[in-house]
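The next part holds the structures, each set out as structure tokens.
One chain, chain A, links the two complexes that follow: it is found with chain B in the first and with chain C in the second.
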Partner chain A sequence: MNTSPLLEISGLKTHFFLDEGTVKAVEGADLMVQHGTTVGIVGESGCGKSVTAYSILQLVESPGKIVAGKILWQRPEATGGDLLDLAALKPNSREIHAIRGGEIAMIFQEPLTSLSPIHTIGDQIVEAIRLHRPVSQEEARRQAVQMLQRVGIPRPEERLDNYPFQLSGGMRQRAMIAMALSCHPSLLIADEPTTALDVTTQAQILELMSELQNDFGMSILLITHNLGVVAEMCDQVVVMYLGQVVEQADTVTLFNDPKHPYTQALMRSIPKIGQRRRGRLDPIKGMVPDPYNRPHGCCFHPRCDKFVPGLCDQQEPPLRKLKSGGMVRCVLYGE
Partner chain B sequence: MRSYILRRILAMIPTLFLASIVAFVIIQLPPGDFATAYVAGLAANGDIVSQEALESLRADYGLNEPVAVQYFKWMGGILTRGDYGISFEHREPVSALIWERIWLTMWLSLVSVLLTWLIAFPIGIYSAVRQYSAGDYIFTLIGFFGVSIPAFLVALVLMYLQFKYFGKVASGLFSDEFVAAAWSWARIQDLLAHLWLPALILGLGGTAELIRILRANLLDELRKPYVITARAKGLPEWKAILKYPVRMALNPFVSTLGWILPSLISGSIILSQVMNLPTTGPLLLRSLQSQDMYLAGSMILVLSVATVIGTLVSDILLALLDPRIRYQ
Partner chain C sequence: MADSSPNILLSVENLKMHFPIRKGFGRKIVGHVRAVDDVSFSVCCGETLGLVGESGCGKTTIGRCILRAYDPTQGAIHYQNGRGQSVDLAQLQGKDLISYRRELRMIFQDPYSSLNPRMTVMDIVAEPLRIHRIAEGREIEDRVAETLRKVGLRPEYMRRYPHAFSGGQRQRIGIARALVLDPRLVVCDEPVSALDVSVQAQILNLLQDLQSEFNLTYLFISHDLSVVEYLANQVAVMYVGLLVEVASTDELFQSPKHPYTEALLSAVPKTVPRRNPQRIILKGDVADPANPPSGCYFHPRCPYAIDRCQTEAPALREIGPGRKVACHLAEQLKLHGVETS
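== the complex of A and B ==
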């Protein structure tokens, strides 16, 4: 078994150059995805989790740009098995086109707007298959039917000729997953795949994703702000705040023993059944800072209840490795 | 789809009926009738027409009958015999006067629409995909000129330039030897050689407008999530753009078919006068001035039929293009 990670992101910085100033959407993201595992990225809106995911596939649009860092991708045996730095590829190069959809696939939050409303489901899946596989139209169609069946869409042959607006939300997301997995990628990036769905459908889609992961042996990078989803799905969790990874740990450790004050505050803000203390939630104090003016030093210090004056507001702490195997970016955990 | 087309065709019947009534009523609206306009014209030249002669003229043309009777006689003639009545002024059957002009107007409009599309399509896409580039600014500038300068002015300038530097008179749709000739291959070639310039001038405003519409629509579509999906699939950039957002932004191109025809016809009246084009414009204008009611009414009727059919064709094309319309 291959022990080197499937995907290793180090020191990634993706900035948006706007007239009003530079938005440092990702300012130091480090994470690792091992073969066959699920890694969750959690954080508030605007913390850079989606931009990190888009950076992997070079999908960040102008005026956004990857300015630093490495995204090392272990290519599958079939395509050479070499180690490739995706951050160094050009957004419109042949290599990245082969990787997008072929080796790394992506599904999105809103399956209605993420599928073209005027092309049939079949058209869009067949297109994905034929982009990466040298198969005939008929063979691609046969594979598409198989995929739809595999993701639990009833009467797949008929559904293939349906348009997205003729399907329910859950069915649309299933079709989206079928399209993403049609070329058997080794990594599936799921950008809030269940946010737009109702709770029952959410559970079904998550269950489907775990099932498919077992079948296809792929890894999943799950982007979400739902800690419940993380607890259910992920082996590893990465917590992001203001474009930085502030903590990384395996899921059990993170939930039982969160290290970073931000993670601790996140955990306190989850409503729990049966634990009605005074019936009030404990939100994180303050607001997410203005993206044009990042706080000096540790970017969480204005909201941190363990803030050490003269230290936290002076220098930015590095991401340190812990004995437990996780990593944390906080001055409280040093040598 | 078949029932959709059938429904639309059935809906055309009341529309056309109403259009014919409106066409007929509009010509009745100005005070007086053809006889008074005719007499006034003669009087301006110093001729005196007796009251009896005026009355016999009215009786001959059936102008004394109630409007409703006149309308049903006229419509009856059209529906049963294809007889559009006679032109009072030209003393000829209307159908002999209008058909060639109507065909030429249709051709001019069609060529104009095609040229509009051919020019607007690539420029619109370029302007949206390379928003705020130098090329986008240049095309935007040209586009604003196109929208704001009236077509007849452009025509005058081009005619002047063509006369001054090439010694040619860019006037009419045929060379002298073909004006009265029967239709032949040579005449069609001659027509095409003359047609492109007025068609281009006529389409100028529409082209500029369509570029702006396509650019705005495409800019909206380019930001939609399905474009990212297309890219994330591994489609090369130009393929992803042409297959998805451009397809979505195409709707206004097809919709133009319906409304471009009436606007071209009304816009072409001045241009036709300036460039001496044998289209319906000048004839319609003249017939309205002289209250030549069957001639004017027939032309308005035929043009509204053309507009309604144009709208139908554009609606059917839209339904073919966009399944969300088809399945409603």
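== the complex of A and C ==
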């Protein structure tokens, strides 16, 4: 077992240069994924969780650009085992093509829009396999059948010749997972993999993902806004707000003792099942600010109930390490 | 308010909505999708009935039948109108329906597609007033401003177009459009599932405040059980066009009597890290409502199914006060609910 992290992002900044101004979608993301673990990224829409994931794979589209930071990727032994800075690679370089799909795979929220509608499931999986492995068409097809079977699709030989629209939502997401895992990646990035699914199907897919993680020994970076999904799946959690990591901790600590006022407010605002409480919910006051004018100082201060005038609105607090091992970006936890 | 015995505002009896499947030359009818198949329930005035189930189970179809956006195939929808008379909405046609469209309103799921991008907020909220000829000229503007204030929006913004508002604000506009006619029953079709977690809490609070202020009755359609637990007094669980269980919220969450309800409750991810006692994972997919299985529709996925379930469809029967379930084994099974945290 390797002790160095599989993926380490530090000071990542991804900006979008638009006519109306610059949107700082990611403005200081730091996170670490260890071998064989699951790390969750949570936050509201527009907090930069997806852009962080897209940055890892160099999939950020123009006018977006990674402007600062490092994304250190520990390549597997088979491909040299060296440390590579993905942020420095060109989006169409040979290295990133080998990594995308081969070493790091990604699954998306809505499989119907991310799978090609005019190719069969089989063709798409075979293409992914042959892109990364020197195998024959027949061998790739055999592997594809095996993968479909592994993700629990009944009658995989027949399903291979189906188009995405012929499958149900849950089956499509399974096919998507089969495709992502067909080259045995060491990291799977899952961007809201169950948001478009029913609760019962969600439970099936989450179960499948943890099973496959045990089998393949891969790490998972799980992006979601559902705190329940995080609580069940993740070892570590990263909370993002307006493009910044505001808190990072292991799951048990984060849920039992959230530090950052944003994390605390987020936990209070969600209706939890089994509460039997027909009182009022406790929403976070205000709204996520306009991305063109980020608040000065700590970007959460206009909505924070522990706001310290003269301090929070003046300077941006750094991400500090806590004794518990977590990190938090808030002046309340200074030395 | 009508003081007729237990103040039931809406009672749906044996409602059926079948959609024909047409194929081939002459568009012959080759079958029916039984979206809603013999559903009965009632909602008391000022209360909230939660309607839950997986996608495609017919929740939205019921909502639309009640508003008469669809012509129900069969059944009765008894509604106690503002003058204390009971009318069967399913029988009304054309002009007679218009006056009820004032009292029964709907809030939609997606605030991005349910507002016309070419109309200002003023036009969107005022449209129902104009159609029902309730107000004219200056009065329209005053009523729109008042309604916007009620839902927590600033009336100064009423000349703007929907694109200038965030998701939560748009949903408030949708709520204002529903409330501007002072309705009595509001069908909320997944009103918060397209919203962010923090905004969701604001809208749920708003819906609750409006309910107590204007004595509204909600039919709350949702697939999110935690939201339903928070808002509803009563919950009806649907599976493939049929009700499988009806109970008060507390009873349903504490001790479900139908295996499907148990599985639904167990599937909700809990916000307690890594404590996941024997989750029930349902096998397979929801049955096809055009071609449902024999007997109990749930039997192919049910972990407790016996031979009888394959042949005999269970009726929805009363097993306690206000408590109905459609399962042969309702009395024998010991099912797990959600532990109170």
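Some notes on this structure:
In this section, the second predicted complex is superposed on the first by the 329 of 335 C-alpha atoms of A that agree within 3 Å, B and C clash if a C-alpha of one lies under 4 Å from a C-alpha of the other, contacts with A are read in each partner's own complex, and residues count from 1 in each chain.
One rule holds in what follows: contacts are C-beta pairs under 8 Å (C-beta built on N, C-alpha and C of every residue); 3 or more make two chains touch, one makes a residue touch a chain.
Bear in mind that the values here come from a model prediction, so they are computed numbers and not experimental data.
On the shared subunit chain A, the superposed partners chain B and chain C are arranged side by side without overlap. In the superposed pair of complexes, A:P309 makes contact with neither chain B nor chain C. Of the two partner chains, chain C is the only one that A:R280 touches; chain B does not reach it. In the superposition on chain A, contact of A:T113 is made with chain B only, not with chain C. Within the superposed three-chain model, A:P134 lies out of touch with both chain B and chain C [touch as defined at top]. Of the two partner chains placed by the overlay, only chain C lies in contact with A:K272; chain B stays clear of it.
With both structures placed on the common chain, the touch criterion links A:G334 to neither chain B nor chain C. By the touch criterion defined above, A:L59 lies against chain B but remains apart from chain C after alignment on the C-alpha atoms of chain A. Residue by residue along chain A, chain B and chain C are tallied for touches, and C comes out ahead. Chain B and chain C never share a C-alpha pair closer than 10 Å once the two structures are laid over each other. Comparing the two complexes, no residue of chain A contacts chain B in one case and chain C in the other.
Those residues of chain B lying in contact with chain A across their complex are 224-226, 228-237, 243-244, 247-248, 321-324, 327.
Across the interface of their complex, chain C is touched by residues 44-45, 168-171, 198-204, 206-207, 225-229, 231-232, 251-252, 254-256, 265-267, 269-278, 280-284, 287-288 of chain A. Residue ranges of chain A in contact with chain B, taken from their complex: 54, 57, 59, 92, 97-102, 105-106, 108-110, 113-120, 127-128, 131-132, 163, 165-166, 176, 179. Those residues of chain C lying in contact with chain A across their complex are 54-55, 166, 168, 196-202, 204-205, 208, 223-227, 229-231, 250, 253, 263-274, 276, 279, 281-282, 285-286, 338-341.
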